[in-house]
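Two complexes are shown next, each including chain A; its partner changes from chain B in the first to chain C in the second.
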Partner chain A sequence: MQHAERWITREMLVAFLIFGTLPLWVDSVGLYSYIGVEVVIWMIFALGFNLLLGYTGLPSFGHGAFFGIGGYAFGWFQFNMMPNLWLALLFAIVMTSIIGALVALFVSHRRGIYFALLTIAFGQIFFFIASKWTSLTGGEDGMLNIKRLPADFGFVSFSLQDNTALYFFVFIVFALVVIVLWRLTHSPFGKVIRAIKQNEMRVGFLGYNVYFYKWMVFTISCAVSGLAGGLFAMAQEGAYVQVMSLQWSGIVVLMTLIGGGFVSFWGAVVGTVVFFLARDLLGTYTEAWLLWYGLMFMVLVMFKPEGIAGMWQDAVKALRRRQIVASSPSAHPVGK
Partner chain B sequence: MDFLYNLLPHLVNGIALGLLFALIALGFMLIIGVMEVINLAHGSLFALGAYIALVIITPEGGLAMPFLENWFGIAIVPRYVAALILAPFVVAFVGMGLEFCLRRTYGKDPLYGLLLTFGAALVIEEAIRVIWGHGEYVLPIPKEIRGGFIHADLIWSTYRVYAAIFSIAMIGLLWLFIEKTPYGAIIKAGAHDSEMVRALGINLPKLRTLVFGFGTALAAIAGIIMAPIWGIRPQVGVDAVVPAFVVIVLGGIGSFWGAVIAGLMVGMVVGLTAAFFSDWSLLSMYLLLLAVVTFRARGLLGKASALEN
Partner chain C sequence: MALFEAIHVHKRFGDHVVLEEINLSFEEHKLSGIMGPNGAGKTTCFNVITGRYKPDRGQVIFDGQDITGKPPRTIAQLGISRSFQVMNVFDEYTARDNLLLAVPGVRQKGLNIVHDLANDIEFNAKASDVLNRVGLAGKEDVLASDLSYGQRRALEIGIALAAEPRILFLDEPTAGLGAEATAELSAMINRLKQDVTIVIIEHDMSFLFGLADHINVIHWGQVVAQGSPDELKANKWVQSSNLGKLA
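This part shows the complex of A and B:
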């Protein structure tokens, strides 16, 4: 039993229950099925990104590039190699891992603001290449007509044309990513990267190869982003260059921070949900929803950088303290 | 020789661009030096400067009110000069407001300052979209600095020459201000050792607010000068802030001449690649950055700074 808890936690079951049943109730709360697909894909992306920001304390402002590369790789593979979903997704992961690993060679010796600046530079390089290399990426128009390939298990094959079917597929991928990343962040490797966030020099003194760990976590993060990018290209039936822009790279930072990626594994997930809800709910009232979202972000950075997850943890702590006070004998007046 | 001769106009364009990049970067660096904050909103404030200049110069900018008819009726030169003086002040006030928000992040991880200014960049850019719409504007300029002239069989753009001279003058003034006035000495001291500056009885919070305002005013000036070259559109901020980063990292944080040299290098590289592969011209500056930073982590003339932590 204890062994199972290392792989599946209570929070995970709650999350899986909510997102696993989403198509059943999403219409009744006034949203639509396709938004679920987008939210879950961006959750995968944000979880991968949060390995860097939340766990290792490395602010990458160019992560949209890897999301975009994943999409192009997915499209290129199904056009030029073979239209097989598994291999195309694998190719997206492998390509982004390779490119991410190369970038990581340059950035893993940096931290803090220099790291942020270099990732901006790399993000812009890939953005420019993607928007100018029209024969490969379709440039500003994007890579069009990417197919939603069927999920073929050999003996049975599911068509993912329908949004609900696609939703369940990305949900299963999401669940796997959650489990894998949860294990990763709660393994010795995860402890080391968290220690790097706290005090990089000290981790070095303890004999860990800090650069290798940073390189590794950057590469893993890119691989997850590439997977999300491939799924996103499939969902949108096209890969577009906009997601690689500095603005979109920044939005994933915003999402992760608002949700509370600094203090919780689930921060990235919560933040993505908040972002898409803000987009769809605020978006119906005002075209300038991003303005209000940005203001919310600024207020949060000023007053509560731990984000929504931080507020939740504070609330839980306060509640528990009250319970302890209430149950302790001294809380009851003697004369009662 | 002919080949080099034909390159000359591109080189001059590149130098003009480089001087403007240096100007953007210097405002940016002033803020990094004293506050140890990377102001990601610098580009948005640059764009805001251009928009406010637009409001002052033409009724198209949104101030088409009857009582202002007389103002828009006068010659363009005084309107342009007024814009060049007033717009930086307006932007400086916005910048000081941003500094006020930033105060809560002092003493914490520098990442928070970075994130806050990123949020501010988004907010300012969206606010520009709300106020002025998505479209592109053209900043009217006096006819004295429009058009081109022929010199030594080559066509030169008058505006680029004007922009280059203006930038040189601004950079020179800034250098005089920082190196030769007591205010500059205080700013430099604040960047070097803020504790000591405070111990000497200088109001550090006020100094920081003023420096932030000053830095953003420089962004606004650069925005106005750049507007006729790049056009005015909401997302122009990103086009400005990214080269400014590149220049700062390349030149080394905290080095005045490093930023000027790096600005010129970036400008020339962009200008020369534009001559051969115009689509790829902006890419070249990132490659330059990578080449330099790989071998010299602190950039060309950089010193150790708190930002490396």
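This part shows the complex of A and C:
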């Protein structure tokens, strides 16, 4: 089993089981299939984002820009080049990678607050370009009528018009992204970026080119965001500028922090789910759901900055300790 | 010829001259020491040598190659490794992972995004070997933040050592250690000096006199005396200063 574990873990199987069967039970918990599509897409986005925030310690507050660019690229390609799902998604990834790589040239020499401010600045630049360049993006109206292109495998083609079909498609993409990113975060590259978060200077003194690593992780993160953005444009059948706003860039930060992206790979996934549950469940009771969500964030930052994943890890540790105490003979001096 | 040389090195911060004129040379397979009072410029000297700061004048030569002003990563890649006075370990990593990161083979695979580091037998064996050498055997899976102060000191040196350096610079390795831990450290460095060229900055004179083959005394940004421990004990300047009394 050792070999298989290198690519697939138990946690992954659990996640795949839950999300792979979602359309079967989602109605019974009071939600609907389409919400699953959005949740899974945002999980992909949050996972890509967390490479920067949780793994490298680089707080990007402009990541919505890359999510948005992915959507426009996906739409532009299918209108102007070729209505092919694979190529349009690939184009979304390539475009966001190129733009991300250029931005990374400017930001990868920075860290902390300077990094954050620069990413906000770049995010705003792209937001305004997208708002004003109406001939390309449709401006405030958005890029409309983006098609849910069929998943064509040559010998067989699946229509993704239906929300359930689209859900399974984005779920498969999610599963692939999880496997690839898990592998990446457990590779030498992943070791280095986490070390950069802990002590950038020391990593340099060990002979690593810190800037290059930061550049690369930023670019990869943008590529994943672009993929998620392309899928989102497909789900919404349009690409809209709102996702590029500072507010939406902030929301992915909130999701990742609340979930516990700093301490766990799965933090980003958990945080996304919590956000959408808060929006759709709390949102049915009160319009001010974002207030409650914000309060929850504040409480968490004050008492448990490691987020939900951090609480889970603490609980597991406590449980183990109890088991050890219960099973150790010294705890029962009387004996059996 | 010496393995490592600093020639006419001068460094100032603003108006403040820290290194006036430093000339040092470190022989291969020897343990060299740098000593001097607080604020003499010892750590700045290390920082210039290992690329953290650029010298304003002068040259740094390693194995015949001019490395003056090169960035730390380039200097590290040449086989020059250092530890820090203020501890610089990776707290979120286990002892093993701290060392793995420093292993040159891991660095060469650094951009590999699919290699499975946890199951790489060769690299893990290297990390275990270094843990043995710095006296941390059995602590492989302990988080660096959970190690004791002395163990973290040892890990700090282990990281520098795992880089398989040709020359190893240790900045005040005894800082904050008690007598017992210092004695352990002394024994450990004594073993290490069999295989690697070492340069140590140290406050603790008895520690340095017991280990070093050659010692440089830095004061007012200059090398004011140098020689073997015995020669230094006979040196008039050293005798007349506080340093002589300590030795």
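As a convention for this text, the second predicted complex is superposed on the first by the 333 of 336 C-alpha atoms of A that agree within 3 Å, B and C clash if a C-alpha of one lies under 4 Å from a C-alpha of the other, contacts with A are read in each partner's own complex, and residues count from 1 in each chain.
Note that in this section a contact is a pair of C-beta atoms (placed from the backbone, for glycine too) under 8 Å apart; a residue touches a chain by one contact, two chains touch by 3 or more.
Here the structure is a predicted model, which is why all the values come from computation and not from measurement.
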item: When chain B and chain C are modelled together on chain A, clash or fit; value: fit
item: Chain touching more of chain A, residue-wise (chain B, chain C); value: B
item: First (chain B), second (chain C), both or neither touched by A:Gly112; value: first
item: Which superposed partner A:Arg322 touches (first chain B, second chain C, both, neither); value: neither
item: Partner chain(s) touched by A:Ile129 [first = chain B, second = chain C, both, neither]; value: first
item: Angle, in degrees and to the nearest 10, that opens at chain A between the C-alpha centres of chain B and chain C; value: 80
item: First, second, both or neither for A:Ser187, with chain B first and chain C second; value: second
item: Three-chain overlay, closest Cα atoms of chain B and chain C, distance in Å; value: 14
item: Shared chain A contacts, counted only where both chain B and chain C touch the same residue; value: none
item: List of chain A residues in touch with chain C within their complex; value: 2, 6, 183-184, 186-192, 194-195, 198-199, 201-210, 213, 216
item: Sites on chain A touched by chain B in the complex; value: 57, 59, 61, 106, 109-114, 116-118, 120-122, 124-125, 128-129, 132, 245-247, 250, 253-254, 257, 287-288, 290-291, 293-295, 297-298, 301-303, 305
item: Contact set on chain C toward chain A in their complex; value: 50, 52, 71-74, 76-77, 81-82, 84, 88-93, 97, 100-102, 104, 106-107, 109-119, 159, 163
item: Touching residues on chain B, where the partner in the complex is chain A; value: 38, 101, 104-105, 108-112, 114-116, 118-123, 126-127, 129-130, 235, 238, 242, 245-246, 248-249, 279-280, 282-283, 286-287, 289-290, 293-294, 297, 307-309
